[in-house]
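We call the chains A, B, C and D, going by the order they appear; numbering starts again at 1 in every chain.
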Amino acid sequence: MSKGIKIATIGGGSSYTPELIEGFIKRQKELPVRELWLVDVPAGKEKLEIVGNLAKRMVEKAGVDMEIHLTMDREEALKDADFVTTQLRVGQLDARVKDERIPNSHGVVGQETNGPGGMFKAFRTVPVILDICKDMERLCPNAWLINFANPAGMVTEAVLRYSNINRVVGLCNGPIGIEKNIADILGVDHTEIYVEFVGLNHMVFAKTVYKDGEDVTAEVVTKMTEGESGSTLKNINATGWDATFLRTLNMIPIDYLRYYWQTRTQLEDQQAAYEKHGTRAEVVKRVEAELFELYKDVDLAEKPKQLEQRGGAYYSEAACNLINSIYNDKRDIQIVNTRNNGAILDIDPESAIETNCVITRQGPIPLASGHLPVAINGIIQQIKTVERLTVDAAVTGDYDKALLALTVNPLVPSDTDARVLLDELLEAHKEHLPLFFNNK
Amino acid sequence: MSKGIKIATIGGGSSYTPELIEGFIKRQKELPVRELWLVDVPAGKEKLEIVGNLAKRMVEKAGVDMEIHLTMDREEALKDADFVTTQLRVGQLDARVKDERIPNSHGVVGQETNGPGGMFKAFRTVPVILDICKDMERLCPNAWLINFANPAGMVTEAVLRYSNINRVVGLCNGPIGIEKNIADILGVDHTEIYVEFVGLNHMVFAKTVYKDGEDVTAEVVTKMTEGESGSTLKNINATGWDATFLRTLNMIPIDYLRYYWQTRTQLEDQQAAYEKHGTRAEVVKRVEAELFELYKDVDLAEKPKQLEQRGGAYYSEAACNLINSIYNDKRDIQIVNTRNNGAILDIDPESAIETNCVITRQGPIPLASGHLPVAINGIIQQIKTVERLTVDAAVTGDYDKALLALTVNPLVPSDTDARVLLDELLEAHKEHLPLFFNNK
Amino acid sequence: MSKGIKIATIGGGSSYTPELIEGFIKRQKELPVRELWLVDVPAGKEKLEIVGNLAKRMVEKAGVDMEIHLTMDREEALKDADFVTTQLRVGQLDARVKDERIPNSHGVVGQETNGPGGMFKAFRTVPVILDICKDMERLCPNAWLINFANPAGMVTEAVLRYSNINRVVGLCNGPIGIEKNIADILGVDHTEIYVEFVGLNHMVFAKTVYKDGEDVTAEVVTKMTEGESGSTLKNINATGWDATFLRTLNMIPIDYLRYYWQTRTQLEDQQAAYEKHGTRAEVVKRVEAELFELYKDVDLAEKPKQLEQRGGAYYSEAACNLINSIYNDKRDIQIVNTRNNGAILDIDPESAIETNCVITRQGPIPLASGHLPVAINGIIQQIKTVERLTVDAAVTGDYDKALLALTVNPLVPSDTDARVLLDELLEAHKEHLPLFFNNK
Amino acid sequence: MSKGIKIATIGGGSSYTPELIEGFIKRQKELPVRELWLVDVPAGKEKLEIVGNLAKRMVEKAGVDMEIHLTMDREEALKDADFVTTQLRVGQLDARVKDERIPNSHGVVGQETNGPGGMFKAFRTVPVILDICKDMERLCPNAWLINFANPAGMVTEAVLRYSNINRVVGLCNGPIGIEKNIADILGVDHTEIYVEFVGLNHMVFAKTVYKDGEDVTAEVVTKMTEGESGSTLKNINATGWDATFLRTLNMIPIDYLRYYWQTRTQLEDQQAAYEKHGTRAEVVKRVEAELFELYKDVDLAEKPKQLEQRGGAYYSEAACNLINSIYNDKRDIQIVNTRNNGAILDIDPESAIETNCVITRQGPIPLASGHLPVAINGIIQQIKTVERLTVDAAVTGDYDKALLALTVNPLVPSDTDARVLLDELLEAHKEHLPLFFNNK
């Protein structure tokens, strides 16, 4: 890395890319990114060029010494890279529309990373990521793979179990968001608190909140629930949980828990929203189209404010902080997806978990958190089972394994539904599931 | 036990009691039961007398030296007992009707041992069993508590964690039924096979079937599923699972799994059945009424055949075999609920599990089975979480803990539903939930 | 096995063989051994013929339908065998003399299965056993390997980790001896007690003794120690432990523990004994020579009484009972060496342990015993470390790994001694350590 | 802590105290210690005054706003303290002389924290520390107990298991010394490397060394061993291990491992050293006497250089850095003794371990390190057994438990020796073992 850092970003045509550029620009002094290779597939070429040109304008305006390369040649981009970030979306947003609509049409939660939709996203994404891993072994064996591609938990599990790449970290902006929300509630800066997270990606809990060395979790939870009944914190309170339930749980679950502990109401909300303005993917498609219109403006040379409404708050912060801490051996604490190694006693040491880690130059080291609290052990184990079965199906393209995984998913109402959903989703995503169809 | 065995049966007025009497009569030579004390509460006095008189006629006809005592004085019955069997039903079948109907009325599975109904059965039953344990400490500290009262898993968990009684075994006739079913499918006697069970009460799996030392699980599962498509084994095949799913799972789940992996269809079935002939409890009430009519017949001096249709197949076998093996140190293998002690690596060593045990005079010793298969780990952990939270609520009578337990139960669709169900069920069972109402 | 059982006994020329023959003769009705192949190496040919001819006379006299084959062709013996028993001794007793003398000459315990001697026995034996396993895969893939060859714990560990043979059991007569000793002390038959053993081969403890369902361990230990001070049980009391120590431990250690908890006195005893009549191996050699003289007697057609003094008490019982229980699916409890699978929580589930197992047709299933008592956890873990490092060295023939294993062995006083002992023992056993010398 | 920090130092009369003063003076800006209470017992009054007056002169010279209080009233010192540091030595150096001499006189390692000597130091120290804990509950319930008193591992274990104080950290300067030594060998500053330590106090290993994100352990170990054969690093190489052994181990053991893996040679060294200049304690006594002579010099107002030869290198650094990181929530990584909580999978989560921890305002959080390497698991478990048994004996004053603990200590050659040593050491330390003698 003597001449500066080379980064390859797979899925570089994403609307999120300006976040990343902005993050690198801000950190140039300590994180000298000299080459950023934005890679995409032919189907994404147009977007890649739009966003890539914006990136070039941003870098130029900032007066930063960073080359932006746009390419469809993944190998060229990976060659000697120091970091590989993956933010790809196999099948683009159209695939996500199907992941949401098809389950919904059967009265089942349709979601990007949970339920049958999340599993199909894994079926599409995992083989591509494992392919990238194989390329990395050849082209940049010392590089770090920083994965944002969802479902990030399953992708990390797959890389840990089915690739030779050990330098992998899965990343999500969810925990940072929770931490900042908690800090707001307490009226302090987020560096003044310590939040212990335990769980899996999109299945994580702020287990304990410390301020001045004291456990203030109960205070935080109470304030969150008071918000409901009209306190001044109403704007902060997006928890939407039954107040007594949340206070008894005495932890803060990531919002995705609603799919499991509010299945019925979430499904009703999804169906109502759908009637109104289509699935979430369809909303996002419209937002993205508007964003790309903005990006085309040759006078735009910075990240537009509208991007923040896209949903990727703290994305740049999470990504750049992680890369920065690895590069500079910062040994600060971040919440990432990594090999458990015993940090959570109840989960296989070889599995991926999401928890507080010290980020060193040799990678993240998870902090020991002992046994999971009884109340959340069940659902976390449940999702780990789904993750592992889904990954097994994804890497083999085995129909039967996919059926097993769907059936035991708690969001799938029965084995009969599992089969209907499986068949319909396989057909819908056929083009992006070569393993499933070549195996047949 | 020099003069022979004294047994106290709490809930002695149960329609199942003749099963037990028959079992003891058959085993008189090796299991010399000299005193059987049938205990019940005033509300059950009439039934107690009917069934107790039948018991006396059975013993007399068999020419066996066994005194039958009918009493409402539990202490007298417990005094110096060698075995205490608990088959009580707090609130009788009327309470079960509520456990089924109320959840059903909210579109939720209504069931005796699962979902909100099962939890309320625990709320009613656990405190009574813990009271019996306290009496036992005083009156028969060396006795064994053989518990059949449902939910047997939670009751055993409660005794292990919240009483001083270590000599406790939870018993269910489910595994014997599965084992015999498997033997039928293979066309052999059940002693010719070995079935390894792992899990919890009503959440148990026949994980591996051995015949002649070989693993024949796949053969058994295949035959089970072939039954569906019209083979001659159709009558045996009651599994009702998607064939591909079951073959991929390669284990035989106890039927209760249907509430979790066929939630939607089971709920539809419950609702259809309800329309037709009321809830299961209401059907059972009618069966019981007929049974008690039969029992009244002073010419009847043996177990009537109709009892077998009541649903307690192998109940006598399970109960008497267990008592027999403890008494005679038989060291044979039975499937019971006992302290895990590491037999299943993924579950707290202190928790109750249901698995193969060697039955010795010092009690059951579970056989080590290592880690749970990934596919079933999730649901088993999920139910263990529910069991532990439910027991915590049951022993404290704490409304908030009950709400937490209901909300994380995978059969409860949301926290909102949890609260509605909790409030309605609390009100309905008020009379039998002193801890919940005295605490308020 | 339709026509009856075929057994191949590797190391068939052992003086113990008549024990085995007698055991099979006694059990003919339920254990129809039709062919017994005694296999040995050319160096053991003479002994093989002597003991083999005695075996033939024994079988003939008993009028039993069992063919005795004597051969040096291992493949012929293994072909289609149902059970393979290994009682071989690579390098014969002369090698054992070196295992004892060389350590002793450096002021270190010299012993057949412990310390440097035991490790070298493993270095010689493990590769031979793994060779037999490879043959078995080809010639009798369904056979059971019943290993008596010492060090039985390390050999079992090696087979579990480095062969494809899963049907392996390691056997030792030690636990039966302890159990019978305890029964004698209590004045009952050994079937009237239940003894829970935990640990490793030659590192095992009778953790709890039950009689009539009660824990009577303290009573047993007290009687054992009272024996010291002149009670009538003196003849039984061979424990030789400090009475207070043993009562506080409240377990009965196998005698080999003396090498660890009485190192100094044991070493003194060894040196005194050596002065008097040579090492233990040399004594055994003389005993064996006398035995073989007896065996030659063509009028002898039964096991001579003198064999019992050889040290193999219960050898026949252990071996034949195990084979019998596997063959007949007896499901009784025996203490054998098998894969832990979580039975002892503190030891790797993949490692070999020695504990109570149910013996079924599909093999031994260990009984869960939870955590090891604190007082014995240290030494057991210590020896497991030695076992695993020794096996690693044995299968690779790696000098450095052997040095590591010796150095951390608690019976080796220093790294300097480890090197001296390693070099001297390697040279002494050169002929039987091809892996170590071909690797160089 | 609004007005600044109050620290109570129990054993304040120690010769190490100037180290601590110097550390606080250096860190005044970020660590505003306003009151330092040096506490000692009447027997240490003279030393307390000498060292206390030096402390006052040091503070005055540095122009720092810190009050130094000298007292024999522990309660006064503890009242509202923020940190309590314990560096006490029950029985002073005279007791240590006995801990070394008596075992030596029986041919046994005599050492301050290992073997019988270390156990007796625990017997004397643990009850005093637990007394301090009781006082803390009353007088300063929010304070942190920072314990240096040896044997620090056993003391921490005792506080975790037998007190209500959760805010406890055990501290040792050993790991810092190893880390700095490694950095020297690599020719870099210690902040440029990351060393993962695992184990227990005085039984710890530098398991992996990272530089620039790469595992350089083998390089470090090789350089260490090359030192032996005359490299320029000879002065650094104090490892004294067989080179092949250390390279195969591929970890750096703390020097105390020599008592276990070089028992014979260490014992010889101890005996030779003893002949020459008495036991280590006697040497230290002379050094201390000289130090106190220096301290008396009213012109001395800084830490004298000679103190560094006393053996407490990095003591100040370890102590002040820890207090500083807790106070300022630095979240840096330090190696301390804390509750395992699963960080080392093979050790009870409730036990004390020594490993890398993030130091936060709410205390140290250990980093997950998974399973112990096989080669060191044995000895670490062995010492944990000794620690736990020793603590059990220390808190009860039970002779039998003490005998058990001594007998299973791998440095005690036999149960016979254990009894002799126990009796002789009990008598020698009678005055400081009230629990043992009042219990009798």
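Keep this in mind: a residue touches a chain if its C-beta (ideal position, glycine included) is under 8 Å from a C-beta of that chain, and two chains touch if they have at least 3 such contacts.
A quick note: this is a predicted structure, and the numbers were derived from the prediction, not measured.
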Farthest from chain A in C-alpha centre terms, which chain would that be? C
Where the centres are mean C-alpha positions, what is the separation of chain A from chain B, in Å? 44
Chain-centre distance (mean CA atoms) for chain B and chain D, in whole Å, is 55
Of all the residues in chain A, which ones touch at least 2 other chains? none
So what shape is it, when you link every pair of chains that touch: line, ring, star, complete or other? ring
Interfacial residue positions of chain D with respect to chain C in the complex: 241-242, 244-245, 247-249, 260-266, 346, 374-379, 381-386, 388-389, 399-401, 403-404, 407-408, 410, 413-419
So, in the complex, the side of chain D touching chain A is made of residues 194, 210, 212-215, 326, 329, 331-333, 340-345, 349, 356, 358, 360-363, 365-371
